[in-house]
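Below are two complexes that have chain A in common, paired first with chain B and then with chain C.
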Partner chain A sequence: MPDDRPIAGPARGVSPAAASTTPGGRPVAGTVQGAPRAAVQATPVERPIADTVHGVPPVAVSTTTTLVNRTGSWKYIRPVYQDKVAPCNQGCPVGIDIEGYMNLLREGRTQEAIELLLRENPLPAVTGRVCYHPCEDGCNRRGFDDAVAIHAVERVLGDLALASPLPPPAPRTWPETVAVVGSGPAGLACAYHLARLGYGVTVYESELEPGGVLRYGIPEYRLPKQVLARELERIRALGVSFRCGVQVGGELPWSALAEHHAVFLATGVHRSRPLGVPGEELPGVRAGLDLLSEVNHGLRPELGRCVVVVGGGNTAMDCARTAVRLGAEVTVLYRRSRAEMPANEEEVFEALREGVHFEFLAAPVEVMGEERRPEEEALEAIRASFDEEDARRSALRLAGLRCTRMALGEPDASGRRRPVPIPGSEFLVPADTVLCAVGEEADADALPEGLPRDGGAVAVDALGSTGLPTFFAGGDLVDQPHTVAYAIGSGKRAALGIDRWLRIRAGELGDGTDLAELRYGPAGNVSMTRWRGDDPVQRVAPLNEVVTPERINTDHFRHAERHADRQHPLEQALGGFDEVNQGLAPEEALAESRRCFNCGVCNACELCLIFCHDIAIRRRGDGRFEIDYEYCKGCGVCSAECPRGAMAMTREGL
Partner chain B sequence: MSQILIKDRIPREELLDSGHLACPGCGAPIAMRLVLKALGEKTMVALPACCWSIIAGPWPQSSLRVPLFHSAFETGAAVASGIKAALEMRGDLETTVIAWAGDGGTFDIGLQALSGAAERNEDIIYFCYDNEAYMNTGVQRSSATPWGAWTTTTPAEHPEMRPKKDMLAIMAAHRIPYAASASVAYPDDLVEKVKKAKGIKGTRFIHILSPCPPGWKIADEESIALARLAVRNRVFPLMEVENGERWRFSVDHPGEPVEPYIRRQGRFRHLGDAEIAEIQRAVDERWKSLERRVQHGT
Partner chain C sequence: MKKVIVGNHAVSWGVQLARAEVISAYPITPQTQIVEELSEMCADGRLPARFIKVESEHSAMAACIGASVAGVRTFTATSSQGLLLMHEMLHYAAGGRLPVVMADINRAVAPGWNIWTDQNDSLSQRDTGWIQLYCENNQEVLDTTVQSFKLAEAVDLPVMLVLDAFYLSHTSEPVDIPDQADVDTFLPKREARLKLDVNDPRAFGALSPPDMYMELRLRQQEAMEQALEVFDAVEAEWGERFGRRYGAIEPYRTEDAEIVLVTSGTVTSTARYVVDERRARGEKVGLVKIKMFRPFPTARLRRALAGIPRVAVLDRNLSPGRSGIFAEELRAALYDLEPARRPGLDGYVIGLGGRDVTPDTIGECLDRSRAALAAGRAPEREDLWVGVKP
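Moving on, here comes the complex of A and B:
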């Protein structure tokens, strides 16, 4: 609606006879035009009408519009545009503006979508593959048809990022340098963000190549080494330097890091918890993590025919599926039922698909050995000639695990029901190898002295500070779920914490940071974009509140099937360590992004404008909208019809 | 696209001004706004007594940017026919002339004039924006008031006991070239039907369901949602009838239960489960009959 229309302008509504003469033209009040009644003429004749002497036309003719009525005074509540937070953003342990990149992708702005993703996540091609996507758990689309396949879209964007040219080195803004100890996901994330913030960063890694659990823990069939290698290239390109093969706290003392202004500890957890049953020292009983590391180093150890994995977490699933690929028949022993398994549901599903057998509600009581059988002695002798120590220990060989059935009792501290043994229910599971995957803990000896501890974990504040000067920590060292996404998120928090601490120390920043405002929603991770204050997404009166399903008007959406990841055929998958999950094609990811509701953020669908009966909503030049409160009567239809909860009704005058 | 995006299907031209006097949440100005968008500025409106007599503004105002003629209650179709004849005499064959009447001026008081115009196949588009009672005068029942509804003349002790008159079928029975039902909750469907009607010569009739928050006793912001529910639950199916014979549905009608639609409206508050079941039965029955018409013609 043009704004330049006069309030008391020419007549709009006039008698038909008055207006018909000049189609599209505006008759002037008091000079009603007419035409001879009988004649049909192409050119109407204008003539004055006698009754206009007193300024009154022969019939009542409007001379003004209703714009003189400021109907906005009727309202007691008013609509406002108010962007909010999508539940996926809050649910992401990394703290990614998922809704933001979905919207950019939907608009075909793929490069901007990738850049928005890379603002928060240094390893999208990795997390797109291995993250268990808690973002999707909160997806408001879940109750409508099915959650958006966020992980698959992230993976496609991550792969596109890997195919893009490497970024230029990040400009060095600050004089300080930071040491990052450990090059797993937490360390890489911290290094990446600090480099982008303008610090000099050196990553110390005890292994010969960087990557930590991404390289030596996660099996190749979930995360190809090539993907990790290319992600690392991008981090290197920013100017992060790596010193590999150096054990800090070992040959390099902690004091050697004093040249740096801050240290981020992300050495992870490596020490497998013992089974705590007799016979554990028998040959053939191994730490699951060691097996994963060995296989990831390219070795293919002999496990025998029967392999038993003890534990129900993701490490147990990795061990089981790795053992399957090494040719074993695998049984997973878990003391609770499937519902209580800490492993990700998809991992369990994949393990089942690959033929892993599960014994639920079963716990080991004793590892059983037996005398070596004579027919095997020749083989053992050959093996012994390669490994003397093994030969000495191998008086016995593994026979199996004596197990007991369990029942679920009262809930324990974790809220899960505590398993208790059922007396007299023991049974034997034959095993050539037993893999322990009942949890890992940090190697306390390898950490600097005096670190505050919280149980087994290193105690840190909300931004990763240990309280010990210069030392920050993250990843599996601290008390949080041991997943890649949480590790990356903690690395980002620590990068923010280190930046903040160094700037405060340099007297360039007050300590009044409002952490709550940096988070995506009250419970989300911090946003690097918010910390830097350079959000490329334009937001209107943003409220740090998560959009609930009730705020979504699903009437405006069609059902659309979620795009399922393509899987490598089973027989090929089991033949080696090829990546099992093949993800989505880029065009499928684009289609998936269109399933996104864009919760809480206006994407200019214009329904508010279309349904405004007061014609009080207008497009602005910048693609946003404005409400003319002079005329808006406050009916609330715009807010009720907004498909994504990006509007709200507020009390008038407040 | 998962969201049903309609912005590109709604013309951007505005021919209705702010400051009109419709109650907050009223469906009628949305209906008028969308219809004028579809027809364009070469349009004239004959307006018998109805809510819109007020909405258009008191003299000397008009909220329309096209000519509008206020006429007597029973004369909507006759006045529109006359304007069209006058325009034709003057050589203007381009301007679209419409009658814009409420349900009272269509179903009851203006029915004779409408029937006459349709029978003569006058070259007009007759719009009925239907809020299912005489809302402007304080909610008296009309023959468009649905069964079971409260109005001031059908109080809860004696609610409306006759079914809503089947206006679309009456108009179809006149064998006019085009008749349709539309809803303010389906703006794209409404605009498409109006554009289609504009391109047809002869009498065209479009019946638009247009909720009235005070008369239906609903919250202002619910009007569009309820209009949408009425389509989804088949209370008000969106249809097109060509030449009185070819009936078709123009949108999906999933056939959701009527109960939420009824329960959300204060005008039905006195109804119990049995009455609601009766409404459901009537809706289902009518739907079957409409399906037969769609499949086999009249």
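Moving on, here comes the complex of A and C:
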């Protein structure tokens, strides 16, 4: 305190005696900035308090450093930093380190976030649009306010990746080459990862352009062709070659692939299951997949005014929304109730928004053709012979679909309640076109002989091996949900499986792979980063355990509204095949990344350091923390306060 | 700059001028406006302080204590039940010799549930080791708020600034607000002489065995004693800079007085009016306002009251089973006077729970004391209740 302050002198001391012995402004030993703590710790020095009066300091403060009291000996449990797995990572069928890229994005390290994403997912701009984001189902933020809009963030990062320069060709590390049959999401994923692992890859595609279901199945209003084209450019840039317009097992026999050291089969499922009712052979009854393919090829078929879509899955929704865009009034017929619908909730919502009518608990009984007078038919036949357009129109002449009401009975093998027809409840739904979307199956004839089967699906092990030498399989061919994300995930697993198999065969690798260690959590997909062993994210004592909501300390988070995707206005959406979902702006994605709890992974928030009563936690040079167990009393506050479950209390060793 | 503001905001402005660094509080009527205003000042950047929301007054004081040990200037405000809940922490702040400043809005204690003024909340914290300063008007509130920090930090003791509910807290008066630059010169940033230092860790609030504890208390007592002189010095400097002084006690027209009222808080203003009126009628009456209750300015009160025939203490408070608390303190303070110069003392209990104290109330006290003085009678009781329903 400066001497010119009138009360400085006497005021600083407590009694007149103190004032005379302690001149104002003289620093007191207790506040002298000492050497760094480590030095003090080595030789605890007794530094008495200078203004001792009556033999005591002004307050009840220890006259010596408390470092002599090694309180660490008190503890019987000790805190440790222990990174875990975020539920989103486990929930992602692709096996993306979602938590990791959220954290990088939050820190403003956008390019690194994109790279982390691209380590696992070759098609982020695609999945950001079309994946039904099971990752968000497990989001621990759900119980706090609302799940992080992971899909929207992925889309933004995916689009940023598309705007980035193309990668250089992947260095060719190994002599082997791999054939990938089918260029849908599974094939593309397998090709991408194999190329990055250092293999030569050729993709065979029977259509004229690659993409499979991404190009010919998913409607343009959900996935613009341009986005797919740019994703494909990146895969091509890695050195993957494409041979399109070639039907393997058709004009090109399977034996032609013998030049390759492994084959990945990902030809998908194309054959629509039949309705199984009389009249389904009538013109005007069509496979939903065929319609989607036609429209994706740029055709705009005439469907008539009334369209009935039979089925309740995502293909049914795609068909219904496509038919709406072709000008039809659409009814979806589903034999169970809305709760049992396998279609994604958002798709159903969009279909409803676009005016699709739903008949739940209703099943087709018979497709009714229109009875026409003979002279009318003759006239039409003459017309048709002159005019193809008229011929197509005449084929539409259905009267409708005779249906029956259903009731839900006992649960079936799938656990869903089996629909049972209600006798005498039949009714007629008028229809010019009936679109059949009750499921698809693989075309067994097109696959190599001798593949082991599991029901209709190709049987594979966890890493995609069919057991038939050199043959691996994935995508919709194998028994897993028919979604883009699962397809990509299976392609990645197979790439990993092929790499492992080839390296074992070359005698460069033992076969002791612990698959559990490669998974994100016990139930998650494998991580290519873990397989490669080059995780750019520093992890401390990682435990492959998923962080449960109870491990999140929500006291340290503020409620923040989830950013909803921006949707095209309805009239604009229905005017054509423009993309309906406009996603988020980059700054909104950044805000979403700030909503992420970063479950299970230390993001250096410092709360442990702030809450430690014993100042026994220190920040290390690398930005992480260390605990001084000489002084940590094992109180557990750090671990309890950790907002994200990245710490744990362990038993103190004896 | 003059502004018309309520007493609560006079506190807020004072805290802003004092550049408090950590504010922690829990709302309670009639204090809430103080911290509401401060939270806005913190939010919009006028006051670059850390505002810590807490779940109770106990925690508010605990937060202030923690911040104060770390060496920063801290403030909180409370009232009535909130102050009572803080009780344990009040001892801790004082025993820890931490210059926390707190405003207490005098509000009666429940039950019966009551939000109006009396002094029992602050006076029941008498022995916690806090300096207590009672204010009479909004200007005094603002001035005392700033001064409190200087006083507290000079003697390392916490200061409780006390003002009446509603009569000050919610009443608007013109208040001169000093320039920030002048206040900055008067009150520089706090320089704690002993504070938490991670590089030289020490135990604050360490174990103090029997061979130390008494000395620590003696040092605290010496600091309390010194606080009176320091308060004078602080006021003197304030007076020089801003032209206003109040005094630890203020005698008013006590020369040749036969009866002197002893007051505190806003009752003083009413009493001044009554004294003026009586003086105009030729009655020899005066008053002594007590601003500083702790440390109790015993010597000054003895000097001010020695030889006065009769003292009428107006207590807006009650120590049940005894009397008004100021009266009790004064009886003890005056006891050592030689009997010839020791005044007779009437202790009036008035205005509890916000009951109006009018000029008539005070007039009745004066009349009763004058009658007793004339009759040479000792007070019939230690507690004389005025203004109660028959």
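One rule holds in what follows: the second predicted complex is superposed on the first by the 566 of 654 C-alpha atoms of A that agree within 3 Å, B and C clash if a C-alpha of one lies under 4 Å from a C-alpha of the other, contacts with A are read in each partner's own complex, and residues count from 1 in each chain.
Please note the rule applied: a contact is a pair of C-beta atoms (placed from the backbone, for glycine too) under 8 Å apart; a residue touches a chain by one contact, two chains touch by 3 or more.
As the structure is a prediction and not an experimental result, all values here were calculated from the model.
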Which superposed partner A:262 touches (first chain B, second chain C, both, neither): neither
First (chain B), second (chain C), both or neither touched by A:643: first
Touched partner set for A:555, first chain B, second chain C, both or neither: first
Partner, of chain C and chain B, that touches more residues belonging to chain A: B
Which superposed partner A:594 touches (first chain B, second chain C, both, neither): first
Touching partner for A:67 - first (chain B), second (chain C), both, neither: both
Which of chain B and chain C A:58 touches, first, second, both or neither: second
Chain B versus chain C as contact partner of A:498, first or second or both or neither: neither
Chain A residues contacted in one complex by chain B, in the other by chain C: 1, 5, 11-12, 14-15, 18, 35, 40, 60-67, 615
Touching residues (chain side chain A, partner chain B) in the complex: 1, 5, 11-21, 23-24, 35, 40-42, 44, 60-71, 74-75, 555-558, 560, 594-597, 604-607, 609-611, 613-616, 628, 630-631, 633-637, 639-641, 643, 649
In the complex, chain C residues that touch chain A: 95-97, 150, 154-156, 188, 191-195, 197-208, 212, 215-216, 218-219, 222-223, 226, 229-230, 233-234, 236-237
Chain B residues touching chain A - in the complex, by the definition given at the top: 1-7, 10, 14, 16-27, 29-30, 33, 41-42, 44, 46, 56-57, 59-69, 83, 86-87, 89-92, 94-95, 187, 213, 219-225, 228
Sites on chain A touched by chain C in the complex: 1-2, 5-7, 10-12, 14-15, 18, 27-28, 30-37, 40, 47, 49, 51, 53-67, 615
